């Protein structure tokens, strides 16, 4: 551990962008409902939050930096009157932490106002951007969501559905959208289905959400997922499935199961927690080891650790405690504290580790520094042996579909063999789950998933690295 | 006085929008200089403030709600590095008090970033807006400044000057602009020259400003005004006058002299304070009266009152004191306090008024309520007679070129004769300066000015009232 | 569930007040170290945070409402120079959520400045308060911490130790204090030792903390606990144990083990996580049941659930997921959402519960509503049977030593028998751990603990309920 | 002009502390009324504002940093229910700009809550402070107002009046107080009457205020001034004059007339504006000069300039314009801008000065730098001659009764002769008004005033400079 960043970001996490939520409840004001939906999706983005609503005539919006609970209060929820609405939690990506990037993105167009909340990443954003600029559309941000909203606002066709389709025809990459117009709510998913998006039913209306956990929170009944390539329109007349694009090769991001989604969400019919449990059980079958205790790296690897323990017969226990209040702090340890070995996120439970052979289950290794630090922590708490088990396959290829992961150079599994990684992290043994094992644990066919980060086979063409736009803008 | 608004807004003021400032100082960071320029132009707008700067490569911007001194601090000035920049103070117009409306407005375009700070009002904004929407440009606000920036960003031509000109060709109405691009600063003025805009010289650079008082503050030498229809480009090579549009019928807003501008500004070669003094002197010649003291309604009518006093030989003194700390307060008197006659802005100086025949000079009467209230105040302070003298002609016609004045119905001089107004305000006598007298006091030809609010003869065609866009957007 | 409060506070939790931290590191600035210490103690209080430091001459302090990470930033940490310091996290108790109540509490006295950070509750606060008022000391708050600081500041004796002792002689109840003076740091614990307080060693200095988890975070070595009745003075000369009061009947709050403390803290030589595991194991021995899965109510009951599972041989798994981002939100569900059954904190994992006989382990039942709601949730997720097991004895008596629990009337176990509670919460079976079992699980003698909430035998006399002071003050 | 401070603080002003306001209106909530009273007294203090109210049972308070209009909004005014209240504007003195110093100061005592708002300065504060510390009262601030409140809260006697009197017996120096208890409002003035304080009548209640301008604002009728040494009690039974201390040598601060008070206030029966006019007229008689125009340095010297002009027959005009929006800015010009001669507060009106012999009237010279700068500004605007006339006598002695002026060394008139000062400020001539002339202009006897800053004869003994307390506290 050599840099400030590593000290505070104890886990060099995979990061993804954004949660979206939408509601259509005739006769009710949906802003508060959306608030609670976003609350349940907070894990998908903590940088900014926003809600836009329509009462059939006027679209009103409030968005700001911070957690949903920080952004909204009674005073700013009150004026958000309207029975249709969308909301968004944005993930914080480095260097773009500005209010101007917060979503939803709202535009006026010839057809009236349109607001978009987006989860995903366009792989041809640079081309689309250039097209818009060439058409004479000045852009206020460097966000995909502005591109999408401008393309829909200025799209071809007399109806919103046609305009959304005209966007889909040109767009490449991952997008799960909630779109708000004056009198309808749209749920849109790219033809590969990279990111989840589902539909729920209330007694008197409808909701859409990135994950089903948000349906459970607002006590909506899960209806179904939005299909890849589908446009779902919800309006006074009900719910309509409209033709978007024909579905293409299915490419659900398998890391939704492994890491991103909340364990209580159901994706493609599978409870995330159970899939994680099965990943652990499969890992135990593929890579057994003699040991005294199985622990998980909190929080996302806990279910896999339980699965490993049950399958292996080695007792499960907790060995690492995560500070529950790791909020965003801008305070960094200084050199003195760093040299002193300050540990912000994880402390050990020495009495559970002392003298034991420990299986430490984690869900992934990105750069490797965090895992090494965890192994060291376990040893200094008295662990006799540390056997690291990873409930996914080695990450060898970066993601261009929205996971803010790392470059080739940063991915330790791209540079080093498993044995070299084992030495790097000081583990007694190290084993990864096989790609086949991962797929098997999900109970779904391999063709259901994007596995590009393991295999290097990308489901969409990636634009040749475009010359970066020569001129930049920075909104403070 | 019957409404809450009147209680706090003791003077139903003419209101205008915005001050702009720009600087080009090779080798220096101009943000701080612009800060002080905006500080000197604070009287032109108190709602929001913003600064955008370019270092030749990246454009950076910060803007927020509030006074310049509230918006900027060392922390947010520091990252604003760059030797070219523009700044803006925005006037608060009802119902649009949102950060999203703050200026400068910054866009990325094919030619790079472009930021615009605008003072004025387009009379064909609705048409231009529709043109943009039809072209497929989604709009984020209802502000003219966004229209202008999008039209420049997506304008015709390979150079910024051509694109600015393509905007000018289509635009109608008042606009004094500061435009920032990657490597140049532009000063642009509509062909009528409605709003002031001037050029100043620093030892090592150039500045542009809405009023010359801002040049004095930063100790720049006044060079000249930007000509109507002119585009001035300032870049590494120096200052270039570029062809914009041929000047049209000159139409400087005469209320810059009467009310808006700071008294220490020089416009069209005339010191505003001296013009106001002459307005008062002319008023004394046109409408003499026997009296014991001449007072002015603070602050803008003070110089006219001094002029009236000197010309008439009646002693000048102060009779009304204005609270210097009338900042924006959101606290309104409740009914009880209003009935009790709370007086937020103006108190009298009874000992200076007691038993006296008072000439009260004011610069204008819009709705009439404030003037009536002032007359009542003077009487209750003991004034024996109150002779109201107005240093401008009766306001009979609303302004469409940027002065947020009133509708026809609200303009008291549109509805009532001078004698009726006199009765309405309870004055012993009431007299307005003649249009000719006003012009004479300025020392400039009548053809120099827009006098539409007095005469109803508008220098530009006004768009037939367009059907309001059916759909609205509200950003909280 | 009938009230708004219950809807959001899904667990009617036991609540306790405050975490304290102190540091003495010659030659270093300790504010940042204290920041990270408070960070690790955030679970003990989330309402406000504060740090006071001394450089041997001047005491400087900053405190504000919010989490440690919200209260402090580089800008306000920087001026906190000094090698001695204390910090405090305050728990939010209803109706007193004001900055004025934040700690540390800092006073000037004849001996110089003195600041106090306090965890606990004085049982004779009303008497002490009256004594101070009678002596002519005006009080600014209704907080114990002001009473303590004024009593020390105006105490008898020429040294701080004497003055602290003079406070201890008069005070009754629970207090673990960090006291800062110009040139020393004091750790003080009441003679019963109700609340934990421990001492740690850095290579170049000393720290004190409410819990040892904070020592681990800053990589300090655990030295020992502060003894009941002890005053520990830390100054340039080193660490000195000074006579406070002779220890009295030991009365450590057993709920530190059951619920309050972080699982990675060591109290009285026992790792909290292991004690919780043993509580679960003992519970399995006392109250076995045939079942398919053991789950814990997150977060505090998880270790007990693992212990129950291992002892009983029934598999452990997760069945309830807690929203990790339950920050303070002031948004309440409205009636509509409440009727719709919105669930803010806990969602179920249906696939893990479906058709199963479930043992649900929780750590306590206070009012009973939350437990009933959890049982209902489990059933609606498909649980065939729900067997509730509580890892503590029935709570029949309120606490007066600092746990903000409930009144006699509110304590369900005071009003109802176990069978009646079972019916109230709709469980198939319900069982509590015995008091003896609890003690046994800790591995410590019964005489070590305060068990008043189970037995009604209080270790300190409680003041007869004094007439409330007739006049109140409210600082907004 | 050589320092940053001088650049922004263009006038090295005399500064004084604080405005107080109180109201008693049975059956009404007075917080809003007090808000508008403080609004009218904003010129006496801009650092912080606060209001405390009582409903006969509970005292509630809100205070914060900033202008009255920034501190209060509907949300924090609403809970301030009660028919009795006091408010305070605090002047910002260097280094003490902290919320903790904001007033009112509120304490609980044996008799119930008591809040104090204070204008003035105790000359024996150090002794009183030591007495309190010796009695065992710990102090939270270094403010006089805390000393006063603690002395009243812990004072001798069974009634508030007795306790206030026991404070008065011990206190030396200047204090005009508004005191709030559970059921009464007190107005208290020191026996010398250093600072003004007056009583006003509403149709249904009573108000007290530092200056009568605040009575006018809330449309209260001026009743009388509080007498030196008097305690006025206002309660349900009406207004009671109670014995405080016998009045002593009268010592009204003459600078209230010259500079501090608003021109529309009446003090000791004299309208401040008229006194200033007479000061100017007397100055013209004492120090005539041949000239073309008389100007005043805005804002406080304007009335004196008008008086000088009328008496001398030389025309009055405006020559300097003050930026109306000089709010607190933390942005300082950097070296570059300072060298460039940036002028933040005052600009000239060249056309009014060009080629003229100018009499520039100012109210005082403290350090001399500002006056020199103004003379230079006038010359560079074309003034042919500059004759400086000061409407007060030379300031040779510092003030210890509350005017934050300067030390002996800083007072230019203590170090230099009038001729030397003239050279220092580059004036053609310089003349001060005589002490006798000042007194004469007020129309009051010399014995009415404290003239210590001119004569060095202090009305109260000053404590020998006490050893500063060895230990300091800093609240951020």
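Labels for the chains are A, B, C and D, by order of writing; each one numbers its residues from 1.
Methods note: a contact is a pair of C-beta atoms (placed from the backbone, for glycine too) under 8 Å apart; a residue touches a chain by one contact, two chains touch by 3 or more.
All values reported here derive from a predicted model rather than from experimental measurement.
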item	value
Third chains touching both chain C and chain A	none
Set of chains whose contacts include both chain D and chain C	none
Rotation angle (°) superposing Cα atoms of chain B on chain C, nearest 5	180
Farthest-lying chain, centroid of Cα atoms versus that of chain A	D
Distance between the centres, which are taken as Cα means, of chain D and chain A, whole angstrom	60
Whole-Å gap separating chain B and chain D, where each centre is the average of the chain's CA atoms	34
Whole-Å gap between the CA centroids of chain A and chain B	49
Touching two or more other chains - residues of chain B	none
Pairs of chains satisfying the touch condition	A-B, A-C, B-D, C-D
Residues of chain A touching chain C in the complex	28, 32-33, 35-36, 39-40, 42-43, 46, 67-70, 72-74, 77, 202-203, 213, 216-219, 262-264, 271, 273-274, 277, 299, 302-303, 306, 310, 315-318, 321, 323-325, 327-331, 333-334, 336-337, 340-344, 347-352
Touching residues on chain C, where the partner in the complex is chain D	57-62, 76, 79-80, 106-110, 112-114, 130, 133-140, 142, 149-150, 153-155, 182, 469-476
